[in-house]
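One chain, chain A, appears in both complexes that follow, with chain B as partner in the first and chain C in the second.
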Partner chain A sequence: MDIDTVKERAGPREFGPGDDMPREYREAATRMIQFHANSEIMGAYIERPFIRQAPSLDRKLAVSAQVQDEVGHGQLLYRAAEELGIKTREEMLDELEAGDGKFLNCFHYPLDDWYELPMIMFFVDGAAMRRQATLKRTSWEPYAHAIDKICFEEGFHIKHGEDILRTIATGSKRDRERLQAAFEKWWPRILQFFGPTDDQSTHGEFAMEVGLKTMSNDDLRNAFLNAYVPKAKKYGLELPEYPRVEYHEADDYYEVYEEDLDWEEFFTVAKNEYPTGVGQIEKRERAQAAVEWVRDAIESPEQGGVSPAAADD
Partner chain B sequence: MVDGPEELSDRERAAVEAELRTLADDEFVVAERYTEWQVRGPTLEADIAIANIAQDELGHARLWYDLLEDFGYDQVDLIWERDPADFRHATLVELPFEDGDWADCVVRGYLYDTHEHLRLQALEDSAYAPIADRVGKVKGEETYHREHTQNWLERLAESRAGRERIQRAVDRLFPHALTLFERTDHEETIVDTDVRPEPLADLRAEWREVVSGFLAGLGVDVPVEDAAELLPDSRGRDGTHTEAWRSLYDEFTFTYRQLGRSEAPSLMPAPEEADVDV
Partner chain C sequence: MIWEVFRQEKAKDYHTHVGNVHAPDAELAKQYAQIMHARRKPANSLWVVPKEEIETVHADDPGTEMGGTTQKQYRWATNYNTDETFAEEIEASQREQEEAERDLAEADN
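Up next, the complex of A and B:
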C-alpha cells in the first residue's frame, strides 16, 4: 500500500497485520506504541516503592495491582508494536535499558513521598486516560485493541488515585500544605504531558494524517485542563502563579499560557538527558543487568552445563 | 467446633491468637519482600507472576488479620502501630534479596509454599471454625504458587549457573526456613485443643522429606543435620529477628507515620464468610 492510499483509507482500526503497510507508517506507529509501552514500564518503575510505603493493607494491595497492570500494559503494547515488523520486544526493551527508549516526561522525575503519589495516580493517569480514549480510534487495530483493555484498567487506577488524593486533602492542615506543595511542583510537568505545542511537534502531523493519532497535542492539553482545573479546585488545590491559566467566563473555558512552561527542560527530558531521568534509567539498567543471568540460564541452558535429568538420559 | 473467641477460655484464646499471628505475619512479610521484584524481575511475565503471588499473600494476610480483629484488635494494632518485636513471622520471610538474586526468590517461595501447604492441610481440621473455613480459599491459591516456584526451579536447574545459584540460596535460606516450624509459647495448647491438630515437629519432618526429595532431584544438596544444629540465632516466632527486619519495618510504616494517622484507610468491606467459601 502506498502512503497516499494509507492517508485516504485512514480511519479507526482500519489497518492490521494482514495489510501491506508502507515502512513510513510502520515506523511511525512503532515509534508511538513503543513510547507508550516504555512509559508504562517507567511509570510502574517510579510507583513501585509506594507498594511498600502504602499506609494500609488495602492501599498496598491496590498499588501492587496497579504496578502489575502497568507492566501488563507494557507487555500488550510491545506485542502490538512487534506486529508492525520493525522491532522485536527484546530490541525495544534493550533500547529502554540502554537509555535510547523514549518515555513520558512525568516519569523522568522522582516521586518523593506519598503526597506526590496522587500527582501521578490521579492527574497524570487522568491525562493518560484522556489521550488513550482518543486512541480507541487509532488506525492500527492491534494498538486500538490493547487500548481497550488499558482504558478499562486505568479507570480503576484513577479512582484509587482520587481516593488517595481525597484522603490527604481531608487530612490535617499540614497534610493539605504538603499536598499543595506537591501539586505546585508537578502541575507544570503534568501540563507538558501532552507534548510540545503543535507547531513544534515533529511527528504529530504525519501521525494525524495516517490516523494513528486522532487529536492534536494542543486539543488534548486544553481538554485536560478544562476537565482537571475544576477537579483540583474541588480538593482545595490552588493553581500556582505560573504557568498562567486564564479563565474565559463567557465560554466557561480555561486557557494556559504555553509560553510560561519550561520547554527547554521538556526537550532535555525528552532526549533522556534530564539528570533525574538519567538516574531512573541507570537504576533500571542496573536492575536489569542483575537478572541477565536468569535470561541466559533459561535461553541457553546447555552453555551452563547439562541438567541432571538430561545426564540420566 | 468453636465459632468465635467468646466460646474460648483465656488459655485457648491465647493459643488461637498465637496461631493466627504467625499465619498473618508470615503472609504479610513474605509479600512485602516479593513486591520488591515488581518491575525488576527477569522478564515481564515473571514480574506479573510475582505481583500476582504477592497480592495473593497480602490477601491471605488480610484474611488472618481479619480473624484477629474478632479478638478486639484493629489493623492499626496488628500492623501499623505494633512494636516490631511483637511480630511473629519466621526469619525466612524478612531476609533481604541481593540485587538480581532471582534464585533466592524462587527458593524462598518454594520452601515457604511447601511449608504453607502442609500447615494449611493441618488447619483444615482446626477446631476453631473460622480458621478451617478460610483454609480452602488460601490453599487453592497456594497450589498455583507452588507450581510457579517448582517450575522456575526446574528451569533454572537445567543450567550449571542456575543450579549453583539455587544451591547458594538453599545453603543460606534453609536454616531460616526451619524457623517456620519453631514453636510459640502456646504450641502445646494449640495442639491439645485442636486449633492445629498436627504438631509443628511433625510438619517439619514431613516438610524436610518433601523438600529434600524435590531439590535432590534437581541436583541440589540439602542440609541433613538436626534442626537444633542448623537454626539461626533469631527464631522469629519468639519475637527475635534478623537486623533486616527493623529497616523493613521502618520502610513499610514510613508513610503511616508521616501522615500521622491513627487509622488505616480501608477500601473494601471486611471479608465476609460468603467471600471465603469455595
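Up next, the complex of A and C:
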C-alpha cells in the first residue's frame, strides 16, 4: 500500500497485521507505540516506592495494583508495536535500559513524598487518559485493542488518585500547604505533558494524516485543562502566577504562555539527559539485569536457566 | 479433525468463538465455517483454528486462580466515591468496570 492510499483510507482501526503497510507508516506507528509502552513501564517505576510508603493497607493494595496494571499495559503495547515488524519486543526493552528509549517527560522526575503522588496519579494519569481515549480510534488496530484494555483499567487509577488528592486536601493546614507546594512544583511539567505547540511538533502532522493520532496536542492540552483546572480549584489548589494560563471564555480555550515554560529542560528530558531521568533509567536497567535469570529460565527451561545467585554477582 | 471457529461480525470488531466444524484441512475448514457459522449471522471475517492446537485452563483445575476469588474492592473505580462524570473517558471506564463487576457477580451465583 502506498502512502497516499494509507492517507485516503485512514480511519479508526483501519489497518492491521494483514495489511501491507508502507515503511513510513510502520516506523511512525512504532515510534508512537514504543514511546507509549516505555512510558507505562517508567510510570510504574515512579509509583513503585509508594507501595512501601503508603500510609494504610488499603492504599498499599491499591498502589500495588496500579503498578501491576501499568507494567501490564507496557506488555500489551510492546505486543502491538512488535506486529509492525520494525522492532522486536526485546529490542525495545534493550533500548529502554540503554537510555535510547523515549518516554513521557513527567516520568523523568521521581516523586519526593506522598503529597506529590496525586500529581502523577490524578493529573498526569488524567492527562494520559484524555489522550488514550482518543486512541480508541487510532488506525493501527492492534494499538486500539491494547487501548481498550488500558482504558478499562485506568478509570480506577484516576479515581484512586483523586481520592488521595481529596484526603490530603481535606486534611490539616499543614497537609494543604504541602499539597500546594507539590502542585506548584509539578504544574509546569504537567503543562508540558502534551509537548510544545503543534507547529513545533516534528512527527505530529504525519501521524494525524495516517490516522495514528486523532487529536492534535494543542486540542488535547486544552481538553485536559478544561476538565482538570476546575478539579484543582475544587480541592483548593491555586494555579501559580507563572507559567501563565489564561482562560478565554468566548472560545472556551485555555491559553498557555509557552515562553513561561522551561523548554530547554523539556528537551534535555526528551533526550534522556536530565539527571533525575538518567537515574530513573538506571533503576530500570538494574531491575532488568536483576531478573535476567528469570528470563533465561523461561527461555530455556531444559537447562534450568542461570542460578538466581548469578543476579547478585 | 476439528477446527474451532471465531466470527467477527463487523470490520474492527473482536473475533468471538462461535463453535466448531469437522474438516480434513484448513481450506475445507474455512468453507464449512462459512456454511455453518456465517450464513445467517452477520460475518465480516472468520478464523479457523485446529482444536488440538488450543490449550485450555479451567477455573476448576487444581491450583488454578482465575481471580475474583479474593476480595479486591480496591481495584475497582466504583470503590472510590469521587465524581467520575467530570471527564467522559473516566465515566466510560467506570461503566465498563461496573458491567464487568456485574458479570463476575452473576458468574458467582
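By definition in this document, the second predicted complex is superposed on the first by the 289 of 313 C-alpha atoms of A that agree within 3 Å, B and C clash if a C-alpha of one lies under 4 Å from a C-alpha of the other, contacts with A are read in each partner's own complex, and residues count from 1 in each chain.
The definition used in the following text is that a residue touches a chain if its C-beta (ideal position, glycine included) is under 8 Å from a C-beta of that chain, and two chains touch if they have at least 3 such contacts.
Remember, it's a predicted structure, so these values are computed and weren't measured experimentally.
Visitor: For A:110, using the defined touch cut-off, is the partner it touches chain B, chain C, both, or neither? Pick first, second, both or neither.
Guide: Neither partner.
Visitor: Check the residue A:236 against both partner chains and state whether it touches chain B (first), chain C (second), both, or neither.
Guide: So A:236 meets neither chain B nor chain C here.
Visitor: Should A:12 be classified as contacting the first partner (chain B), the second (chain C), both, or neither?
Guide: Second partner only, chain C.
Visitor: Tell me the contact category for A:72 with respect to chain B and chain C: first, second, both or neither.
Guide: first
Visitor: Classify the contacts of A:279 with the two partner chains as first (chain B alone), second (chain C alone), both, or neither.
Guide: A:279 sits against neither chain B nor chain C.
Visitor: Counting touched residues of chain A, say whether chain B or chain C comes out ahead.
Guide: Per-residue touch count on chain A favours B.
Visitor: Could you tell me if A:62 is touching chain B, chain C, both of them or neither one (first, second, both, neither)?
Guide: It touches chain B and chain C both.
Visitor: A:227 contacts which: chain B (first), chain C (second), both, neither?
Guide: second
Visitor: Which partner chains sit in contact with A:141 here, chain B, chain C, both or neither? Use first/second/both/neither.
Guide: second
Visitor: Of the partners chain B and chain C, which touch A:167 in the superposed model: first, second, both, neither?
Guide: first
Visitor: Could you pull out which residues of chain A sit against chain B in one structure and against chain C in the other?
Guide: In chain A, positions 58, 61-62, 65, 160, 163 sit in both the chain B and chain C interfaces.
Visitor: Which residues of chain C touch chain A in the complex?
Guide: 11-12, 14, 72, 74-77, 79-82, 84, 86-94, 96-97, 100
Visitor: Which residues of chain A touch chain B in the complex?
Guide: 41, 44-45, 48, 50-62, 64-65, 67-68, 71-72, 74-75, 78, 113-114, 160, 163, 167-168, 171-172, 174-175, 284, 286-298, 300-305, 307-310
Visitor: State the interface residues of chain A toward chain C in the complex, per the touch definition above.
Guide: Residue positions touching the partner: 12-14, 58, 61-62, 65, 126, 129-130, 132-133, 141, 144-145, 151-156, 158-160, 162-163, 166, 227, 230-231.
Visitor: Residue numbers of chain B touching chain A in their complex, please.
Guide: Touch residues, chain B against chain A: 28, 32, 35-36, 38-48, 51-52, 54-55, 58-59, 61-62, 65, 75, 79-80, 99-102, 155-163, 165, 217-219, 251-252, 254-256, 258-261, 264-268.
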